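What follows is a structure written as structure tokens; I'll ask about it next.
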Amino acid sequence: MPRKVCVVVTARPSYSRIRTALDAIRAHPDLELQLVVAASALLERYGDAVAVMEEEGFRIDRRVYMVVEGENLTTSAKTTGIGLTELATVFDNLGPDIVVTVADRYETMATAVAASYMNIPLAHVQGGEVTGSIDEKVRHAVTKLSDLHLVSSESARERVLRMGERHEAVHMTGCPSIDLAKEALDAEPRNITELISQYGGVGAEVDLSGGYVVVMQHPVTTEVEQARKHAEETLHAVSKAGKPALWFWPNVDAGSDGTSKAIRIFREQNLLPNVHFYRNFRPLDFLSLLINSRGIIGNSSVAIRECAYLGVPAINIGSRQAGRDRGRNVTDIGYDRDAIRAEIERLFERGDRPRDMIYGDGSAGRNIADVLASAELTIEKMLTY
Amino acid sequence: MPRKVCVVVTARPSYSRIRTALDAIRAHPDLELQLVVAASALLERYGDAVAVMEEEGFRIDRRVYMVVEGENLTTSAKTTGIGLTELATVFDNLGPDIVVTVADRYETMATAVAASYMNIPLAHVQGGEVTGSIDEKVRHAVTKLSDLHLVSSESARERVLRMGERHEAVHMTGCPSIDLAKEALDAEPRNITELISQYGGVGAEVDLSGGYVVVMQHPVTTEVEQARKHAEETLHAVSKAGKPALWFWPNVDAGSDGTSKAIRIFREQNLLPNVHFYRNFRPLDFLSLLINSRGIIGNSSVAIRECAYLGVPAINIGSRQAGRDRGRNVTDIGYDRDAIRAEIERLFERGDRPRDMIYGDGSAGRNIADVLASAELTIEKMLTY
Amino acid sequence: MPRKVCVVVTARPSYSRIRTALDAIRAHPDLELQLVVAASALLERYGDAVAVMEEEGFRIDRRVYMVVEGENLTTSAKTTGIGLTELATVFDNLGPDIVVTVADRYETMATAVAASYMNIPLAHVQGGEVTGSIDEKVRHAVTKLSDLHLVSSESARERVLRMGERHEAVHMTGCPSIDLAKEALDAEPRNITELISQYGGVGAEVDLSGGYVVVMQHPVTTEVEQARKHAEETLHAVSKAGKPALWFWPNVDAGSDGTSKAIRIFREQNLLPNVHFYRNFRPLDFLSLLINSRGIIGNSSVAIRECAYLGVPAINIGSRQAGRDRGRNVTDIGYDRDAIRAEIERLFERGDRPRDMIYGDGSAGRNIADVLASAELTIEKMLTY
Amino acid sequence: MPRKVCVVVTARPSYSRIRTALDAIRAHPDLELQLVVAASALLERYGDAVAVMEEEGFRIDRRVYMVVEGENLTTSAKTTGIGLTELATVFDNLGPDIVVTVADRYETMATAVAASYMNIPLAHVQGGEVTGSIDEKVRHAVTKLSDLHLVSSESARERVLRMGERHEAVHMTGCPSIDLAKEALDAEPRNITELISQYGGVGAEVDLSGGYVVVMQHPVTTEVEQARKHAEETLHAVSKAGKPALWFWPNVDAGSDGTSKAIRIFREQNLLPNVHFYRNFRPLDFLSLLINSRGIIGNSSVAIRECAYLGVPAINIGSRQAGRDRGRNVTDIGYDRDAIRAEIERLFERGDRPRDMIYGDGSAGRNIADVLASAELTIEKMLTY
């Protein structure tokens, strides 16, 4: 009997991050994939991940709406509570042998608590990293609820062990998002103008022939009040720099209202004649966009992880990625419009594309499936000290 | 303006454990107590803690029913989800400056997630201990969500620090349950026969004049299937030993159905002519009962903590308290009716009452209030390594 | 394509009441049965209906724990809310063409609201009856949410029409519980002593050879405070009458704590040497028990419905069945121990067994399946006046 | 002791509709107002009713976030379930003597079920009307759960009685929204250009000097799939007519995504140079806007109720208001761009402003408070037939 592996996908970026592992689980002779899609992964305004998943041939076993509207901290907590209640029912009905949860979005706690409370071995992908903000708390709390740790880097492995997890439970698999980056890099070159024409979006028509940048800035959940101000600094910088920019809307999170409002006001004042806005691209399309860009700006983890592998220069703004291992592609900077602007201009001069394998070499999906198929499953554990 | 400290009490034993801290918070000039009573603390069949609290003069700010019936692992998860959803509303309405959560019962995760997600500084009482079973996962996960750690022993402090918490956030206050133990020990001697006569209970009339034992055995959540068998071993031992025994029913937990069924069957077969059964005593009454007993049998944490301070001999059965710091009063033993019986008999011969202060010296409540009043409040943290 | 008919069973008595319809739906070539088991139907202490259903060959499509513990009015409301939230997910995943809800237990509102809000045609079995108490409100509210009314009697049909429902939406099918009664009556005679020996139960051994009565008394939800007092009147009467009695515990409902406590106290005072207590019988066994009894006492609807068909004399106590159509088998009486006792004694003298077909002739299950297969499905309706 | 009257407000339009009753309850010597704000009434993108309420001097007793994101039928049901669960806690903590629920939005069922299940007398404002669509089912189901009916018109009273409610429980108070209409009509004339300048909004600058129309079109929940198409017909008509139009975004409801998308696409194609879009106005401002307009277009109940009293011509499109009593101000029309356009043009020629008092004369708020203060409170009821 193959092991039933239940993966809960709660957001578009999580899907991208785990996709090659889903492929490998589905293909593995000793594993059976159970796929639960929940939270913003079901919602059109956050990229309709479920539609993408179905397009890419995945059969969805359960769909769970759980996002409570308000985009504030209270509703983040409530969303997680509803998800926890419902995922318990889902797991009770599906009877998985292992549950997999991905990374550190707030609602992953629903998956982690449900599985661990139900004595289902819990595998956590991307534990052991450090970032600050609420993600930091969530990630390490999930580590303490998990039985199997599928980490993305050597320093992450080290930290998970130092938190008291057992050696045999921690596996350095690399990050599956790097698998996609490898796929994109190995693929035929794309025509970027054609590529973006599929996606509509709103805002100015931009000419990409002289190079362009990609912008992706999320609110920081422990700095919700400043979300709007933080967005404004980047908006000013991008506006002043005047370089062609493709800007991606933020995830649903406490604070995204502030970010969205800042963008809307800039747009209404016509301050962004060089910017086109998008909701979401298919992952490989997005990676091609990065590969062909001058660099990425904002605070997305893509800048830290995929772009390290790809060698795409990144301007990382503020505290959201604090503490994450960085490749040589990253320049850190504060919420300061002038400094950001100067860095944007430097992207158009810079020639190097330094590549680092810190988050894996492109085989993470397969590694994860192999660990899920072969690891001893247990739900008992104690601190190693 | 005093700091508003919101304490969430979810079970009768948690109330006992935190009561002196509640007193001290209420009395502290720089603190304002907000009291939320939830889960089994509202239910008659688990001791009606809310009634006791009102009797003892506490004003209840909010009551939240959340226990989903079934007493299995699925319903533990669902209970936590409902609690999380509702506590978010409660915190949103009460606006506390600090939330306090106690120990490691599964539903404490609801409090911890709600507060941490809402950027309310979270203080955790009794982190850093080790026990095995799901409590172990819950406790350390709550540690990773908490901003302030009010630990009960030096080794607990050490473990919290090793998990990567900051030095200035970890305070060794001792365990407030020891404050009650001190109070009981310092009080006038009680007439035990009179004391128990207030509580009714069911089962045999027992003669306490020649000494008696107290029994308290909970199901182990990661060994739910064996709950009934584990209870049977103790039942056989107590039955065979024939010594007067006062037996307390288990908490609401996955597995308590099994334990209860084992007891019921023994009772119907009249195998327990030496045992009287109780639901719950008021904490000080229960402590007096222990002080006057020959010892305690089972797997309750009372045997490990309060009884260390009191010097009451304890027969600790099975894995539930594995890894907790022990005083010299504890004898560990497996699920083995003959061995348990032999130890029960030894209790009636043993003369020593060794006392150890490992869980505090009786001033924990005051210590906790002082930390809550003076600690710097922050919600940002990162691993120290 | 057969129509997918989703039936939600939330309690042991509802299952008994709908079982022949489930059989007929399953057997119908144009229907596909989807079975959801929820609420107390999953709980051992309310008869473990789900186990019975599986024994009887039904495949359960989804299981939903939803009963919030407390057995008070607040938790009835919360149970319904949780059920509603989760059944929405269930219906979203199962995609039924019709949803069927049964009768008027409080939690049926969860099924009714979920289906009607999701534009799934809702069929209601047993609308249009009158009883008083909260069931009355629930039943008629469900009627107003339903698109298809499968009523049990002519007077029920009349009432549903008067409430403004369309003629073509109301079908007099009879009550499926009568189908079972017919089955039991047509079956080989049973040896009752053997029959009851399978069920254990607690209390006195009773000798059935000289005749016996069956007792079934539920708390009335709008009279929760008096639940205990009401139970006591019956307990006194049964105790004094001294006739062999088989007593069935009440359903989970607000007030059942009061009823249970009254019973427990009587038992502990040894006032019931003529009574044996049971949780639940399999439906056919229970019907055989009634057929062979001198009569039924209490306020169960079984006394009004099945016993009308069977001609079993019934002493109906208090307001719970007020307004329901009665056969000649029923004697109504107040909460009065002496009067109840006199009626019990009369049961042992009475010779007649008057049968009435007011709730159907035993073909309701088939009738229901036929309507579900052939009725025009619509979700739009308006008052007919 | 004054009666504690708990009013649950779940949406901006419900607040407008009930406001004068809130004033009257607050002012009544025998009543104490408890105010619960929930659902979309807490959300900025639906008009932030809670902010308006605080501005207007109301103290909010509890806030309950409950809207599950998705704007589809599944999430409507889930929203209601979460509301029901949480409102039960709220009522348990507030202990009201009466609960008031307003009209027929889907989430009002949460209030109605919670109160009726908890044996709290439930007063329903605006029962007995007919409209078709899911509101129809909700409204009459709430009637069957309610103990006191505060209806807005004589024909509504008639219908509630025919559904089997008792005479003494049904009170024709008029609709409190008419009180506001009276207030607006009696007030000093306003400068409309100044008035709208406070609200920002998006879209074209429009010149109101030659007259303007107001547009308000909601999706019909039983026709969700066509929501977008329905919106498009109106958009085409308004675009072609070319008259200055002030367009208000729809409520949060299943289907509002479709409506919003239709609007967005029209805007991006620059087809609406004569339209300015708004979220929400303060009620009196909105009424002044209507009083000064040529007429209202769409399917809002404002067109049927307030505009009957005010005599503002209304073009009522489609099925949403089917069956509601109409004044002479209303012209009914299908989803047909050409017909709608013709009617818009006719508004600019029409001279009459026919006024009808069918929904009350402007004293409803006071009437409601008087009934709440004096009515006999009961929770028991039965069909009158």
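In this document, chain identifiers A, B, C and D correspond to the written order of the chains, with residue numbering beginning at 1 in each.
Assume a residue touches a chain if its C-beta (ideal position, glycine included) is under 8 Å from a C-beta of that chain, and two chains touch if they have at least 3 such contacts.
Predicted, not measured: the structure shown is a model, and the values here were computed from it.
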Exercise for the section: Enumerate, in label order, the chains that touch subunit B and subunit D alike. Expected result: A, C
Exercise for the section: Could you quickly compare B-C and C-D and let me know which has more C-beta contacts? Expected result: C-D
Exercise for the section: Please work out the Cα centroid separation of subunit C and subunit D, and write it as a whole number of Å. Expected result: 40
Completion exercise
In whole angstrom, the CA-centroid distance of subunit A from subunit C equals 51
Problem - Two or more partner chains touched - positions in subunit A - result: 65, 74-75, 78, 82, 85-86, 88-89, 92
Fill in the blank from the handout: Residue positions on subunit B within touch of subunit C in the complex are 40, 42-44, 65-70, 74-75, 78, 82, 202, 252, 257, 268
Practice task
Give every residue of subunit D touching subunit B within the complex, in rising order.
Solution key: 62-65, 82, 85-86, 88-89, 92-93
Problem - Interfacial residue positions of subunit A with respect to subunit B in the complex - result: 73-78, 80-89, 91-92, 106, 109-110, 113-114, 116-119, 130, 132-134, 136-138, 140-145, 159, 162-164, 221-222, 224, 322-323, 379-383, 385
